[in-house]
Each structure stands twice: as C-alpha cells, then as structure tokens.
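Going in written order, the chains are labelled A, B, C, D and E, and every chain counts its residues from 1.
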C-alpha cells in the first residue's frame, strides 16, 4: 500500500489517461467542438485535482525496489510539470476541440502519456527507469508536434507541423541513440544502474565518455547549444498551444534529469562535466540571445529566447550544489508560468488569423488590453525585470553560479541579458506602440485560454512580488536531492 | 574476443551509423542509420553484461530495443506524412522554416 | 529703530513691493497701482537710508545683524544679513535717492506705455532697488556677490524692457554675458578667499600672493560691472533700455557697484599693491579712451554712456591710487550729475523722439528746466569749479598725482579737458543754437513728475561738493580743500574745454566733426573691441559648440549606435547557420557530441 | 575458434553496416541492415545472451526490417533514383564519425582493467532476465508498455490522412474565437 | 501611519496606479484625480518625512523592515538618511507637477498615468531603500516604464545622417521616438548589468549573507575588488546620471519624451544615478573611490563643459534642455568627486535644485511645444507677448540653471565649487565655473530667440499662456526654485548630517 502512496502521482496521471481513453471511446461519436470540449475540461480538472492533491498527499519514500523516490524534490518537479500540463491543457483545449472534435481523446492521451514520463523522471533513482520515462515523455511530443498536420493558413499555405515534428524527431532520435550508447558505457563501467551506485563508481575514461554522451542526449531535450537547432523550427511549425507546453514541461523534466544525474549522481565528477556544461551554457546564452535579435516570427523569437533561458538555468546546474539545484527549480517554476503564458498570449493574440509575426501584435493594447498587459508581464519576466518572477529567477541562478565560482559565466550572462531586453522590447513595441487603426480583428481569448493566461499572469506577478515561499520550497526540494553538506568535488 | 574488442566494434558500428545519419538524405535511410547506432548501443549493453555479470546489460538491451522500435514506428509515420506533403521523402524538402 | 533695523527696512520695502506685484494677479497689469506701490517702497527705503545715514554720522561704529545661511559639516559657511557702517550709509543714501528720483521721473517718461508694461517696468525697478540694497548692506562678500548678480539680472531685464525690439534684446543679452563673464572672476576670488581665510569677510589677512590673486580676481569682476576697458562694450549698447533706466543703472548706481566693491573690500586691496597698480593704469586708460570715444558720438545717450565709462575710469584710478574717499566721493557726485544728465537727456528725447543731437537744437529755449538741468549736469561733469564734480575730481587727481611718473595723472587731466569738450559739444549743439527740425521746434517742457527729479538732482549735482566733508567723516578721514596747482589746472582745462567746444560747434549747423576727430570717429566705427568679442563668440565659442555637438551626435553617439548595429548585424548574419535542413541540425548536435567525446578523453 | 567467430561476425556486421549507409538503393540498404542485425544477434549469442539474440532476430529482422520496407514503399515514387549520399555533407559527417570513433577507441584503450575477470561470469538465462525485467525493473516495464501503446497511437495519428470532422482550413484560428469588427464586413 | 510613513510614500503611487488600472478608460477625470491623489499623498508624506527628520540626531531614521526573501537576506528595508528627505521632496514635487502638466493629455491616458505612477514608486523606493538588492529593484522599476512612456507618447524628429557611421543611420531610425526609447532603455540596462555584477561581487565577498547597506559597508573588501567594482558602479549608475560618454541616451530620450516624462526623467531619474554612485559606489567602496576619484572628477568636469557647449549648438528646444541636464549632472558628479562635505552637500542640493529647475524647463518646453507645434527655436520668436507667464517662468528656470544667487542653482553650484576649491581640485572647479558661464550664454540665447523679438508670426495663431493646472505645475516648481535659493537651509540642514555621516567612512579611508 505504501508503494502506491509513493507512486500516487504517476498512478494518478496514468489513471487519468486511461479515463480519458475510456470516455473518448465510450462517448457518443456525434460530438461537436462544443460538447467535445468537455473532455478537455475533464483533463484539466483531473490535472488540477492532482496538483491540489500534491499539497496534501505525502508521497515520500522509496518504491518499486528503490527505483523510485517520492520525496520533496520529486513532488516539487511533479508540481511543475503537472502545473505546466494543466496550463497547457487549458490553453490547448479549444484548439483541440476545434481541430479534431471527434478524436480529442488522442491528443489528451498523448499529452498525459508524455506527462506520465515527466512525473516519473524526477522520482527515478534507476537509469533504466529514467531513460524509459524520459523516452515516454519524448515520443508523444513528436506526435503532438505533428498534430496540426492538416492545417491550412488563411493564405492557403500548408501546415508545417510535419516538418516541425520531423526536425524534433530526427534530432531527438539521434540523441536517443547517443544517450543509449552513453548509458551503456556509463552503466557498464559502473556495473550498476542505480543512481546511488553511480556516485560510488570510480572515474574511468570510458565512464566519463559515457557520462558526457548522456549529457549531450539530455542537452537535446532542453535545447542546449549545439543540440538546439530544432527549437525555433519546431516552435514555429507546431500548433502554438502545444508549443507552449513543449517549451516548458520537457525542459523541466530534462533539467531535473541533469540535476538528478549530474549533481546528485555524478556530482563527484563535476570536474569532468563542468567545463563542457559551462561552455554549453555560455553558448546557449550567446546563440539564443544573438539569434533572437533579428527574428520577426514570435514563436521563433520565443524559441531562441528559450535557448538563452536554458543557458541561464544551466549556470545554476553547473553550480553543482544544493543551492544551485534549488535555484534551478525556482528558475524552472518561473520559466513555466512565464514562457507558457507568453506562448498562450501569442496564440490568443494571433487569433485574428494573421499568423504569428510581430505585426500580429500591432495595436494589441487597443484590441485586447488584457492580453497586452499579460504580454507585458511575461516579456518583462523573461527579460528579468524586477517585480516579475523572472527577475528573481535570473538573479538566483546567477547568484548561485557566482557563489560556486562561475563569476565569468555570470558576467557574460548578465551582459547578454541586455541583448534579450532588446528583442523583448521589440515585441512590446509592436504590441503597444504600433497601431493601424481598425485594420485588425479583435482577438478574444476563450474562457479556458483566458483562464490559463490569467493564472500565469497571477503567478508571474504574485511570485514576483513575494518570491519567498517559492524560494523556500525550492530550497527544501533541493536539499532533499542534494544534501547541502554533501561532499561535492570542486574542480 | 574481449570486452575491449566488443566495445571497439560497437564504437565502429555506432560511428558508421552516425555517418549515415549525417550523410543520407532519404528519411528512411536516416532511420536505418539510427537503428545502426541503437544497435551498437545494445551491443555495448550486452557485452558489459557478459563480461561484468548481472542481468542489467540484457535488461537494458531489451528496453532499448523496445524504445527503438517505438521510435521507428513514429519515425516512419512522420516519413509518410512528409511524403504526402511534399511528394518525396528527401529531407531537404522539409526545410521551409529556417533562419 | 536701530540702524540694522533701518537697513533691513530698505530691503523689506522693495522686496514686499516686488513680491506683492509678483503674486497678486492683475495688480501689475493695471500699471498705476504698481507704480504707486514701488514709489512708496522707494520712499520708505530712502527714509530708512537717510535714517541710517544720520545714525552713522552720529556714531560710525559698525553694527551687524546676520543669520547663518549656508552650513556644512555643522559649521556656518556663510551668513546673510545687514551691516551698517559709514560706507553702507553713504552708498545706501545715494542709491535710494537716485532710485526714487528716477522712478518719479519715469512716471512721466513711461506713461505712454501700455499698462501691463508700465507695471512690469516698476516691478523691475522694485526688484532692482532690492538687489542694489542687498549688495550695499551685505555683511560679507558672498551676499555682496548675490546682490551683484541680482542687479545684473535686473539690468538685463530693464535693458531688454523693449523686448520686441531686436536691438534691445541683443543689448540685454550682451550686457548679461559680458558681466557674467567677469563675474566668474568674482566667484573664483570668493572661493580662493574662503579657502585661504575661512570666511567671506573682507578683513582677512592673507599672504601677499593670495591677496594679489584674490583682489585681481575681484577686480576682474569690477572691470565687467564698471565697464572698464576691455569689458566696457556692453555699456553703450545698454542704452537700448528706457532712458531712466540708463540713468539709474548704467550711470548712477549699478555700474558704480564695482567701485563700491573695491571700497568695501579695501582691506583686501590694501594688501595687494600690484592689483592697485593695475587698477590705476586701467582706470586712467579707460578714462582717456572712453572720453575719446564720447567725442565722436552723435547719440546723446551714447555720449553719456561713454562719459560714464570715462568717469568710472576716474573712480577706478582713484581706488588704484589708494584713495577710497576719492573714488567713492566721485561715485557720489557722478551719481547725482550723471543721473541728472540722463534724465534731462531723457526729457529731451521724450520731447523730440530722437536720440540724435543733430535732431535737437535750441532746446534750452523751449525747455528751460530741462536745458538748465542738463547744463548744470554738464558743468558738474566737466568739473567746472564750484560744481560737485570739481571737488570729487580734485580728490581723484590729488590721489593720482605723482603715481607712476604721473602718467595716469596726466591722462586724467587730459580726460578732464576732453570731458568738458564733448559735454560742451552736446550742450551747444542740442540745447543752444537753432532748432534743427520740426519736432525740436515743437518740443515743450514735460510734466512735473519729470521736472521734479530734475530740479532735485540739479541742486545736488551743483552743490554736492558739500557732502565731501561728511562723507570723509564717515570714512574716518579728514577733508580739506585747497585750491592748489592741480585743481587750478583742472578748472582751467574744464573751462577751456567748454570754450573750445563753443568755438568749434557754436556756429556750425548740426555737429560736424573737425578733422582730427574724424579720425577718432573712423577708429571708433571699426569698433575693434566689439569685433574681437564677435569673433571670439562666433568663430571660437560657437564653432567649438558646433564641433562638439557634431562629435557628440556622430562620433560618441555614433560609436554607441555602431555597437548596437554590430550586434544586430552579427545576429542577422549568424542566422544563416539555421539552414532549415534537418541534417545540418543533426550535424551540429553530433559535432557537439564529438566535441564532448574529445573533451572526455583529452581531459 | 571464439575469436574467429567473433571476427567473422564483426566483419559481417561492419561490412553490412557500411553497405547500409553507402548503398544507393534504399531497399538494399534495408536488407543490409537486416544482415547487420542478424550478425549482431550472433554476437549476442556468443556473449551468452541467447534469449536476446532470438528477440533480435524475431523483432528486428522480422519486425523492423519489414516495417522499414513497408515504409519505404509508402514513401517512394516510381523511378526515384537520385543520389542518396549528400556530397556536401559527406565530409563533415565522416569527420564527426571519425572523431567520435577515435575518441571512443582512445577511451577504450586507455581504460584500465576492462578485461580484468579472465573467466566470464555465468551467463544470464531467460529466467533471470525475466525476473530482472518484471521484478527489479517492474516500473520501467510498466512504463515501456505505456510507451509502446503511445507509439502505436501516435503512429496512427500521424499517418492518418484526414482528421474526421476537423475544420480543415484555418484551424489554428479557431482556438481564439474571432470577433470580426462590423466595419470590416 | 507614522511608523509606516516611508512605505506609504513608496506605496501611494503604486496603489494609485492600481486604482487607475481598475478604472474604466472613459473615466478621464477619475484617472487624473486618482493619480493626483496618489502623487499628493506621497508629496505630503515627503514633506512630513523631511520635517520630521531629526537633524541633530542624524543617521538613519524611520527604519522599516519587511522580509522579502529571508533565505538570501533580502529585506524590504526602508529608512531615511539626511539625503532621503530632500530627494523624496523633490520627487514628490516633480510628480505632482508632472501629473498637473499631463492633465490635458489626450491619448491613452489610463496607461500613461499607470506607468507614470509605477515609475515614481520606483524612484521613491530607491531613495529610501537600505537594502542593496531592493535598491536595485526599485532602480529598475524606475527605469523601465520609460520605454513605453517615450515610445508611445513621445515625439519623433529628424536627424540627418552624417559622419563616419552614417551607414548605421539606415538601420536605426535615429530621432524616431521608438529609437530613442530603445536606446535609452538599453543603455541604462547595460548600466544596470554592470551594477548587478558589482552587487554580486560585494554580496558574496562580504559574507554577511545580507544585502543591508549597513552590513555591506561594514565589510572590508580587498583593494583589488574595490578597484574593480567601483567603475562598475560608477559607470553603471553613472549612465543614468549622464556621465560622459554614456550620456547619449539623454538628448534623444529627453527630446523624444512627453512633457511629464521628461520632467520626471531629467528631474528625478538622472538623480537616481548620481545618488547610486554616491550612496552605493562611494560609501561601500572607500578604497575604490580613492583610487578612481581623479577620473570621476575629471569626467565630471568634462561633462559640465561638454554638455554646455553641446547645448549651445542645438537648435531644438528640448535638446538644449537635455544637454543642459547632462551639463548640470556633471556638477553633481563633480561635487561627489570632491569628497568634501561642502561638495557632497552641493551635489545633493544640486540634485534637488536641478531636478526642480529642469522639471520646470521641460514643463515649459512642453507648453510651448503643445501650442507652437514646433521645437525649432529658429522658427520661434516674440512668444513673450502672447505667453508672458511662460516667458517669466522660463527666465526663472534659466537664471537658476546659470546659477544666479537667489535661486536654488546658485547654492548647489557654489557649494560644489567650494568643495572642489577646498579639495584643491582647481582643474575641476575652473571648468565648472566656465560651464556656468557657457550656460548663461545658451540659456539666454534661447530665451531671446523664443520669447523676445518681434512676433510671433502668423504661423503661431493658437499660442496661449499657461492654463489652470499648468499654472499649478509652474507655480509649484518656480516657487521651489526661489524658496530654496533664498533659504537653502530648509534642505541643507538635513542634507548636511547625511553627507557627514556617509563621508566619514570614506574620509577615514582617504586619511589612512
């Protein structure tokens, strides 16, 4: 029984997936977009319930022969991904209902399956489980990326969702192969697949090679340079509400794997992984910010900005201590609400059917003041402006990194952040300063989408004003994973 | 035959697959290359399992095979999708989004 | 009332008038009430000033009432307040008296102005009186500087009173610029003084070098304010203001502030012989130079303006020679007769609507009071024996005599002759002879508001010599007059000058210049000093400004823009990497993997 | 004997792998992949993983290769025989492959004690493997079942030609309902 | 209420912003009144804080402490030192005047007032923050709304492409309001980046696990760190203070900004920069200060003269005022660099004096621009006839800017020069004095060109003098200038203990 208690979150998600499948199969086939939306609401309600329950259910302890651990760390990450899924579901709800009114179950099943992978990942204490869960997370995303494959835009262009999915897929499949090869070397040399055992294995060239290959594999999922190139294309081609989810949840899971594997498991070999990770972080910040500058499609812009954001959070991971992990979690929490919100606003604002270019934002302040306000908050948060949660996120990450001796990277990050401001402000410029009177339609966010955006907005502003509770929670979660007094090998 | 020779063979297979992955332009060919790479990884699992003992190597290989199969299924579906869209399955056709 | 209270009254009265005019809406624009208020304030000030004077004559002990004004590190750096002593009492009386006369005169002179302008005019006057009083009663040099600057501003406002007239606007700004330029010296002097002595008082004992520096810096300000060569250029232009303003500021009181400063800071100047020598030379030179320029002017106000420069040169020379009382007494008499001359000239101008002496002629007959006043003023200015100017000039000459091989003395004597000559010219051409135009023929005496001040000032200009003894008393000196060689010579030159003027111009129509003077005229017309400033402003300052602004816009800002441009360009160029081809993406990833592998084995 | 067998199988696997990535005909490439997989299965058997070897042959050669050929047929036009190897990218591809191989080989060589136990430990039989799969790694096992389900559903979703009942045109616009201003009409 | 006075001051505009946000856009009067109320509460609070400051006791007073992120030692710590009161008062005056000056704004006024109030909350926050991180937070809040304020409500103008970098002009629409807004924001944010780096270095080096300014000041930093960190803080904050050559955002930004924004930005925000340099840079890093102060002073002297000369050459009214701000902020930095009590008093006093003066300037320029629809002074002339009130106040502002005794400008410039002279820095003081003269040249030139002379021509038919609320703005500011000029001790008495308090540490270091 206690096993089930520990495993309650994966079980809940799996159960929800099954429930959705059943409802979809059993419900009468003549559904319209309107009635069909109920399924989406069911998913959202279920996720909300799970999220709420996570605050009262104590899932701590080991399960499944020690391959799964449900402590504070796991719960924290689970809350993040479930929250992201909830917001993503609310955002996608109408889109899905409109696109495939009769087959909505598929979308939700795939989403929930991916989520199932994500909720298992932080709890996994065994590499087999970890890699399987990680793939469970990944494969549905390929499918979901292609979900809008039959769309046609107003000007008749065919959907690019297929291309988006393919780019996601081909880099992903290659990375999976690399990951597997690396894992084979790593576990082979360590003789065990348990994370605790990895920490005790001595360093060998082959083991180190395996470890770094795994790093590359995970780097793909979080869009770390040079594994990032799918990001802008996929973000541009896939359905925006899905991209909102794609841009945050897998990154949370990916970074939690990094923390699990590298900080907690392989922390003692920090000397081996720190330099490439640091370099990747630097490159991510640089490439992401620099290439975002000339973008005119909002989704590409946010894609590149997301690459840069990953660069920042990698700094905290690179710190390699409890504080770094805690700040990673805080950053991720902030990133989830901010980036998801930003994508949802882009989605809602482009409702006039004029695409996702910067010009789709023109006059937004007049056409949809609420969306404009939300966009302002999200972009400022991404830029790291005070009293939006993104500021604290960036601050903590940089602070943790500097504390761990990465001052040079921190300075580079701070300088590059200014570039970021430029392109975020350009979006604001389009939304607030440029206006062609009466030309565009008024986008009106549907209730679900509006609710999702409002929730994100509330979180961005609320946590920006009062970040202390989240900082404390993140710190507790990190301590659960990495004991602050644990001997961490410094370079 | 030794662990080292198995590993070298696996590395060679992996790298041949890598070459194919990068150099081929047909989507199905790319999938084949990925299969090669995964296969190389499996060989490493099994080799370590054989020389170091324990079921882990084979377990991992089983899971790995399953993962790969699942991936290939999705990959082939994507290939078909792109073929329908472009009337061909060369990867460079799927390059409408860039820069 | 104690002397300090009385002195304070001289501040409070015009200050209240100015404040009321500033804050009560509509009062100023009604005109007459404003004028009445200001004149009332001036009357009160004059009364208070006379009270101070009488108090000081009875008991010349200085008394001070001051409060801390600036505090730093909990130490008072500067105080403001009032100080009453002989110097203050005498200067205060002169200032308030002249100011009141001018204001009363203005009632008539300005009555054609629109009412708001009329009110504004008197508000400026109240402000001016306040500033001047602040300067005079200052207990330290800092407050004196404050007043000094404030009179500069009111002067600017009054010169620019006809602000719609471009020449007036230019003149006002020029006056401000030139005096402000000189004031940098004052400020620097003050700072040096404070750093050297720890206070802004004028009774500090300084090291000889410091004293020279401080006094030279202060004197630089005097050169500007008192229109000494080469910073005299603003004064003739300042005649663009209404004539009573010229009388008040640019003849009688404000320009004398420089002289007052030197008198006030005499303890400092006494420590700096070098500065005094400079003053002596510069004063004498200015006196002669300005007198020459006055010779060739045809604008009656310009003549008087250059004459003012010249007379200020006298005063400065006297101070340079170390004679405070000489400088100050000449200041006093000059205030009376120059104010008289200007007001009389104003009356004449008012009558004929022209400044040119050629347009006047025979005015004495049609305007006896004005003519009489002007003649009295001219005689006093020329230093004809018996008139006030004679006594004050005598004091100056006496002080200068023998200094620097008597060259300054000679220059001043020559100036005395020239003074008489050009004043004679004006008197002969403008007030005697035949009327030269219709307007001159129809000219008539102005109203009593204008005649009254003429009479009062005329009396003072004629008989001001009697003040010599009491003023000397106030300064703690004795005054004896002896008709020695010097005074006789000066008297002779003055009378000779008038005679020569009558001979040259008495018969001529208009005011043709004799041949030697034509040369002076040509030199004056080139206005070489003005040209130098013009070049300095346009070719140096403005060019420098334009150059710097260009650099700022196109180099400094350009570099910053270039940085942004470079970044954006780099971003745009780097986009090419994102080819859109999935194999390239994989290639990048796999090169990354290869890199990781290399790092793993090479580490 | 053992080394000879290994050598033959290894040679087979490598040669066929090269053939996979170099053959101009895709059908041949798929078949060559089958050869590689079978050779690898042989190696598994030599490495004491006979169960795995059979899985390999059945699943891969029977499943994947068939799947591949099927896919190939679905995505090929008649007379499609353009160059299969991209010339431009061939060099960097080889470079990456060689670097990676060099690094891995170097790591293998420089890792001490790879072959420390001279006599291999007893082979893991199907029973032990089964226990490990459904006991030690039960959670992973359950997870991968979900994974396979999702993959099937996903493949169907992607490959399906039409989404029944879906708004075919301008679908993304529908999420946010559009209120067209009257003036625009 | 009384023990939370500082929170009230900081919070009132933010609360008003919230209220305005909730009001419908059609409630124009309500929006204005709510804004004015918020501003007025802050102003009243500022006056109360200034009056209630115990000058004899000095030091920090009215301390408030709310934990924000206790885990990292970040606290919302408010307290008033001697400088805070006057600067709060300045901010209060300017915002009230700014709201009044924007009364007739006719475009998207709800957003405008919200941003304006948020911004001013940030400014208040900076002046009372005793926690370095919170200081920085408020600093950013004060800087950022400017982007929208300028970009939306600003005005564009032409700038000819020339010089060696003319090709850059093709990319950037130099002179465009959005360009100006972007340049301003980015340059200031680069500055912020430098500040943040320094903050990290100080925080982690101090080991105090606290951002409290007192704690940070108590820590001893190694000399090398001080020397490295000081320029970061100096240039970081200095960018906002218009330190050469990082001042170029200022002319374009101020010229493009709408009236109230120029008033606030030049009037108050630039002071944040100088305040930051002094309060953070100099006080926390005495050794670094000692090392760098010759450079700081020299650059400040350059600022004064360079800004003045640049102003002299401008033909656009707003550019003149903007460059004059650059010049006058040089005086502040000059005072700071003297490291004397007189100089620091002068610097802080100059912040207030220049704030009010330039606020008045921009208010007037806004009035003129609104009526004349041009800012090119060459086209103006004779406006004094039609708008005598504006002319009078403009003259007053000019006189203060050239340091006329009896106006606030004199007191500050005099103290600064005195400090420089006392410190023996003639090479700074003489350019400073010269700068005041050059100021006289350009301000009077401008006054003459705009208000004097014949005219106005037919083109300017709708010129009119100030109207109801505009009078309010002008009167508040003008009175401030004169009152402070005549009785500077109103502010100097609290400023002095503040300066002495902060200087003590540096001087001890310098003496060492």
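Throughout what follows, a contact is a pair of C-beta atoms (placed from the backbone, for glycine too) under 8 Å apart; a residue touches a chain by one contact, two chains touch by 3 or more.
Not measured: the values here are computed from a predicted model.
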* Structure fact -> Sorting chain pairs by contact number gives first B-D
* Central chain (distance from its CA mean to the mean of all protein CA atoms) -> E
* Asked: Looking at C-alpha means, what's the farthest chain from subunit D?
  -> C
* Which chain has its C-alpha centroid at the greatest distance from the C-alpha centroid of subunit B? -> C
* **Rounded Å distance between subunit C and subunit D, as computed from the means of their C-alpha atoms** => 99
* Once you find the CA centre of subunit B and the CA centre of subunit D, what distance in Å lies between them? -> 4
* subunit D and subunit E: spacing of chain centres that average the CA atoms, whole Å -> 65
* Asked: What is the distance, in whole Å, between the centres of subunit C and subunit E, each centre taken as the mean of its C-alpha atoms?
  -> 36
* To do: Note the residues in subunit C that touch 2 or more other chains, in rising order.
  => 568, 575, 578, 580, 582-584, 586-587, 590-591, 593, 597, 600-601
* For subunit A, what residues touch not just one other chain but two or more? -> 128, 132, 135, 139, 142-143, 146, 149, 165-167, 170, 174, 178, 189, 205-206, 208-209, 232-233
* To do: Can you tell me which residues of subunit B touch two or more of the remaining chains?
  => 7, 14, 17-18, 21-23, 25, 27, 30-31, 42, 47, 52, 54, 56-57, 59, 63, 67-68, 70-71, 74, 78, 81-82, 91, 94-98
* Contact pairs between chains, per stated definition -> A-B, A-C, A-D, A-E, B-C, B-D, C-D, C-E
* **Complex contacts: residues of subunit B adjacent to subunit A** => 7, 10, 14, 17, 21, 27, 30-31, 34, 37-38, 40-42, 44-45, 47-48, 52, 54, 56-57, 59-60, 63-64, 67-68, 70-71, 74-75, 78, 81-82, 85, 91, 94-98
* To do: Over in the complex, which subunit A residues touch subunit C? Could you list them?
  => 166-167, 170-171, 174-175, 178, 205, 208-209, 211-213, 215-216, 219-220, 225-227, 229-230, 232-233, 272, 275-276, 280, 287, 290-294, 419
* To do: Using the touch definition up top, name the residues of subunit D that touch subunit B in the complex.
  => 2-3, 5-6, 10, 13-14, 17-18, 20-21, 26, 29-30, 33, 36-37, 40, 43-44, 46-49, 51-52, 55-56, 59-60, 63-64, 67-68, 70-72, 74-77, 80, 82-86, 89-90, 92-94, 96-98, 100-101, 104-105, 108-109, 114-115, 117, 120-124, 128-129, 131-133, 136-137, 140, 144, 147-148, 150-152, 154-156, 158-159, 161
* What residues of subunit A sit close enough to touch subunit B in their complex? -> 128, 131-132, 135, 139, 142-143, 146, 149, 158-160, 162-167, 169-170, 173-174, 176-178, 180-181, 183-185, 187-189, 191-193, 206, 232-233, 236-237, 300
* In the complex, go through subunit B and note every residue touching subunit C. => 18, 21-23, 25, 30, 91-92, 94-99
